[in-house]
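Each of the two complexes below includes chain A, the first together with chain B, the second together with chain C.
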Partner chain A sequence: MAEVRSSRTVLTSITAYGTLIVISIFCLLPFVWMALASVDSNAQLFLKWPDSWTLDNYSRVFNKEDGYRWFGNSLFTVLSATILVIIISGLGGYALSRSRAWWKQPFLYAILLIRVLPSTALLVPLYKILLGFNNAEGAVVRPLFGSASRQVMQIFGFIDGYLGLIIVLTAGQLPLALWIMKVFFDGVPKDFEEAAILDGATLVQRIRRVLIPLALPGLAAAGLFTFMSAWGDFLLPLILLSSAELSTLPLGLFRAFLRVNEIDYGLLAAIAVVYLIPAVIAFSFARRFLVQTFSGGVKG
Partner chain B sequence: MISDAFQKRRERQMLLLLLPALLPLLILVIYPALYSVYLSMTNEALTGVAAQRPRFVGAANYFRLFSDARFWNSLFVTFVFVVGSAIIGQFVLGFISAIALRGRKVGSQVFGAAILLPNAAPEVVAGFMWISMLAGGDHATLSKIMIALGLPWADWLQTFPLFMVTMVNTWRGIGTAMILLTAGLAAIPSEVYEAARMDGANARQTFMRITLPLMAPTIFLYMLISTVSTISVFGLVYALTRGGPGNATEVISVYIYNQSFTTFQLGYGAAGAVVALLISLLFGISYVRALRVQV
Partner chain C sequence: MSTPMIELKGVNKRYGHVQVIHDVDIAVADGEFTVFVGPSGCGKSTLLRMIAGLETIDGGDLVLNGKRINDVPPDQRGIAMVFQSYALYPHMTVAQNIGFSLDLKKVPKAEISREVGRVAELLQLSELLDRRPAALSGGQRQRVAIGRAIIKRPRVILFDEPLSNLDAALRVQMRAELQKLHQELKPTIVYVTHDQVEAMTMASRIVVLNQGRVEQWDTPIALYSNPVNTFVAGFIGSPKMNLLSGTLGADGDVTSFRADAGWSVPLPGRSLAGKIGERVTLGIRPEEIRPVDDAGKADFAATVAIVERLGAETYLNVTSGDATLLVRVQGDLAMSPGEPVQLAMNHDAFHLFDQSGRVIAA
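This part shows the complex of A and B:
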């Protein structure tokens, strides 16, 4: 009897390992190609061992192509949006957790429903609205700044400007972040705040001295999910940015790939690796929050 | 104990704290959603005569949409894509991985990380990597593997485009399914399994009678969330096939994008967008109800 059972456990665990190995190979194979191609002096479309190892592809990303600029633009817009989301969702999530007003429930249902709206479906009207803002802003900026107005608009413009991309990324990530923070503050006992109120602390003092220190883990989760999702977003920069100076990493990768007559797989793979690394780092930190945030409708 | 006046002031403060969140959501999400309903009833365009003087055309865009074979095709493609990747592919492989990883296994950290890695890849990177796997006929990595195994190869993205796009999206989501289902499995008390073993249940009976029913709420929640998030997938499909060949992989989000930003018919594109919004909202409402969110 004991022998039957042990041989069966061995069989089960062989099956389990076999399955895991097959699924893992399926998951990893594309990454293996990308990693090898990025250090191959003669990279090809298919998976192969490098002819000779080289970092030349990476140096070309940054020296011949606009690698620094793409990376800088991505980092700047995504980090700005992340910081904005952390601040706004921290305040809003606290309000949503502590308020007992009539608007609390409708608001919470609304942010859950907003999460399901496909961004492609909102894009056309969003573009029209931003175009309206942009034209109004341009009418003010142009007489004021004259020849420098192009530079000003690239920073503060709503279309083809940093500001436009940042605020749209922010609005897109807010619902999930608000949900994360609301749930987080629900788990923070009110005793601390009530003690602070009895001590005569004002709202601002309470936020600075009591709530921010308590809320740090929640803010980290909200920030990480915002960063990952905004970093991976391709549609918004594709629509909102057209100047080469503003191009971000996904656009750089996509456009390098569209140069059909001279596809350079080594270079493309190197751009993809540069783009992938921050995403993987953020994801490895965010992993522990994955299950809790799932009920807020997060996925990938 | 705390006075009424204080309570009132407190609520005003709360509203003030919520305001920075409320404004961007109203201006950049709610208003565009409503505006798209209006746009869908005009002949608004980015170029041409209609760009200068858009007119109100009533339901004309919707009549055109519903008689557009390409629109119905995009709904069908989206349906296959969602059912194939979110409901079947990711779920089945994620569930198998979660069960295989159960218990203290040597290397479970490594396997878990490997299976989760695709989830961290940005959409465009995922599309690009899979072009290497699938495109290029007998040069594609998958073809080389098939040839090495003595199996037939194909021009994968030309011959089975929809199946391949669905498979790539499956690849991207196994990890999240695995994580959520692992959490669900861990929540089943081990006493239940003990009792089943005492009663002499075999592995299949245990799975069908205990694991599956106890996991049902988790599975249902997972399926709703992955359905709504799969409906809005854009970058992956666009980077991989841009909807082609022909319209074989034109999911609804790519269809809307193509109508609006390559043919520049904003009004017509908006009609497609409104349909997509309504479908997503329908799933969203059932999700909120199913969750019975304690807000």
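This part shows the complex of A and C:
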């Protein structure tokens, strides 16, 4: 009896682990291919051991291609959006948590709805609106800056400018971040602030010395979520940016892939690895904070 | 009484259309330990927070040391508060928590650490100054919260149910420590609790609140001996006073109380003429009733329902008609449920209340 049962459990385990291993391999394969191909002097479409190990692919990403610029653009736009989201969701989440306004619940569900709607469906009107802003802005900028207006518009423009992309990325990530911060502040008792009021803290002191330290895990979670999903966004930069100088990493990867005459798998794999690294770093930070944020707020 | 430290004159508070505090008039003398007591939701916290300045006052005056402070910001009132949750900042050490108010005032570091040291010594926290609140026990957190309040040398300290998060043994210990602290520093204390034992043991004066109104405001013993209405009679004292309903009757010259269960007791020495026939409530504390062997000495007969033995004393739950009464007897009395019992009452310990619940003066 006991033997039958144990042999059966062994069999079940083998099946279970076997299935899991197959699934894992299936999931890992693209990454393995990418990692190997990026250091292969003669990378091919199929998975193979490198002919000879080389860092040449990486060096080409940064020297022959515009790697530094892509990386810089991606980092700049995504980090700016992340910082904006942290500030706005921190203030907004606090307000949404403490307010007793009648429109609070409708508002919270409305912003969630925005998040749920596929943003691709909204691209045309969004583009139209941004174009309108951009034209209006251009009409002001051009007479003011003359020949330098192209540079100004590349930074502050709504279409084919950093500002437009940053604003749209921020707006896209805000709903989730606001929810995270609202729920987080719900878990922070009002007593902390009231104790600080009685201790003579001004509004600024309460925010700086009490609320921000208390909210840090929540802000980190909101920021990391924002960073990770904005970093992975491809469609928005594709639609909003056209100048080569503004190109971000995913656009660089995409355009390298589109070159018809020669597909350079080694180069593509190297760009992809460079693109992945910040996301992995962000995730390893995120793990720590997410556990803290979603397992019970502040403990005093 | 010289100028009271805190005076509330006709104080009101509304939340929207709901009035939660109704015309509260009380005064707290300098150095006095006043306790607000009452059932949950009666407005104790609201009243305390109005004194602290965390809630606005919708009507009436709040006077501190002779000065009206309705519109003075909380931090300028010279009032400190200990919260039920303690509200210790988790990102600061014990020393930083205690010294926070001085730090905000830009007091020099050396002076802050001297003051923190003084307070920590007083509260036996000196060993714990570098710890975070998360690494403290409940009683230690409680002491840090008190330290944070007293470092400001406030004239008034407010406590909102500070012991309710502690276990029973620790609560008794902290109660004693708070009393000791009060004797050493002599601050004016206003203390909120819904536990009447806490109120009785610590207070110089108790304010009994019910539905936003002051039911009675007096010393613990006065509340115990002379409750002005059935609410206070039922709230103060543990276990509760027995309240029996009946009517006033007359046996010749002497007025008597006729319980709904059928028996009656004389009420000598009371001028109740003109009230004969009215419905009244008779109050008698459990310790003023005793079992007797002789039916001739008894006031009424009852049946034992439950016997609660606490060792030194035993409580009998007895039924007489529809009424249930609690009787305190000595610990070794042999009684068991279902037994009939003859009970005599101390006729000098009666409290008589009219139909609206107000006491009828003796």
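Here are some notes:
One rule holds for everything that comes next: the second predicted complex is superposed on the first by the 280 of 300 C-alpha atoms of A that agree within 3 Å, B and C clash if a C-alpha of one lies under 4 Å from a C-alpha of the other, contacts with A are read in each partner's own complex, and residues count from 1 in each chain.
As a convention for this text, contacts are C-beta pairs under 8 Å (C-beta built on N, C-alpha and C of every residue); 3 or more make two chains touch, one makes a residue touch a chain.
All values reported here derive from a predicted model rather than from experimental measurement.
Applying the stated contact rule after C-alpha superposition, one finds that A:D199 touches chain C and leaves chain B untouched.
Shared-chain residue A:V210: touches chain C; no touch with chain B. Of the two partner chains placed by the overlay, neither chain B nor chain C lies in contact with A:G132. For chain A, the partner that touches more of its residues is B, with chain B and chain C as the two candidates.
In the superposed model, A:L178 makes contact with chain B only, not with chain C. Contacts of A:G72 after superposition: neither chain B nor chain C is touched.
Touch criterion met: A:P189 reaches chain C, while chain B stays clear of it. Within chain A, the residues touching chain B in one complex and chain C in the other are 299-300. Residues of chain A that touch chain C in their complex: 189, 191-192, 194-201, 205, 209-210, 213-214, 216, 298-300. Residues of chain C touching chain A in their complex: 52-54, 74-75, 79-81, 83-91, 100-101, 104-105, 133-134, 141, 148, 152.
By the touch rule above, chain A contacts chain B in their complex via residues 12-13, 15-17, 19-21, 23-24, 26-31, 33-34, 37, 44-47, 87-89, 91-92, 94-96, 98-101, 103-105, 107-126, 128-129, 167-168, 170-172, 174-175, 178, 203, 228, 231-235, 239, 250, 253-254, 257, 265, 268, 272, 275-276, 279-280, 282-284, 287, 290-291, 294-295, 297, 299-300. On the side of chain B, the complex with chain A involves touching residues 11, 13-15, 17-18, 20-22, 24-25, 27-33, 35-36, 39, 44, 93, 96-97, 99-101, 105, 110-111, 114-126, 128-133, 135-136, 139-141, 143-144, 171-176, 179-180, 183, 203, 221-222, 225-226, 228-229, 231-232, 234-235, 238-239, 252-254, 256-257, 260-261, 266, 269-270, 272-274, 276-277, 280-281, 283-285, 287-288, 291, 293, 295.
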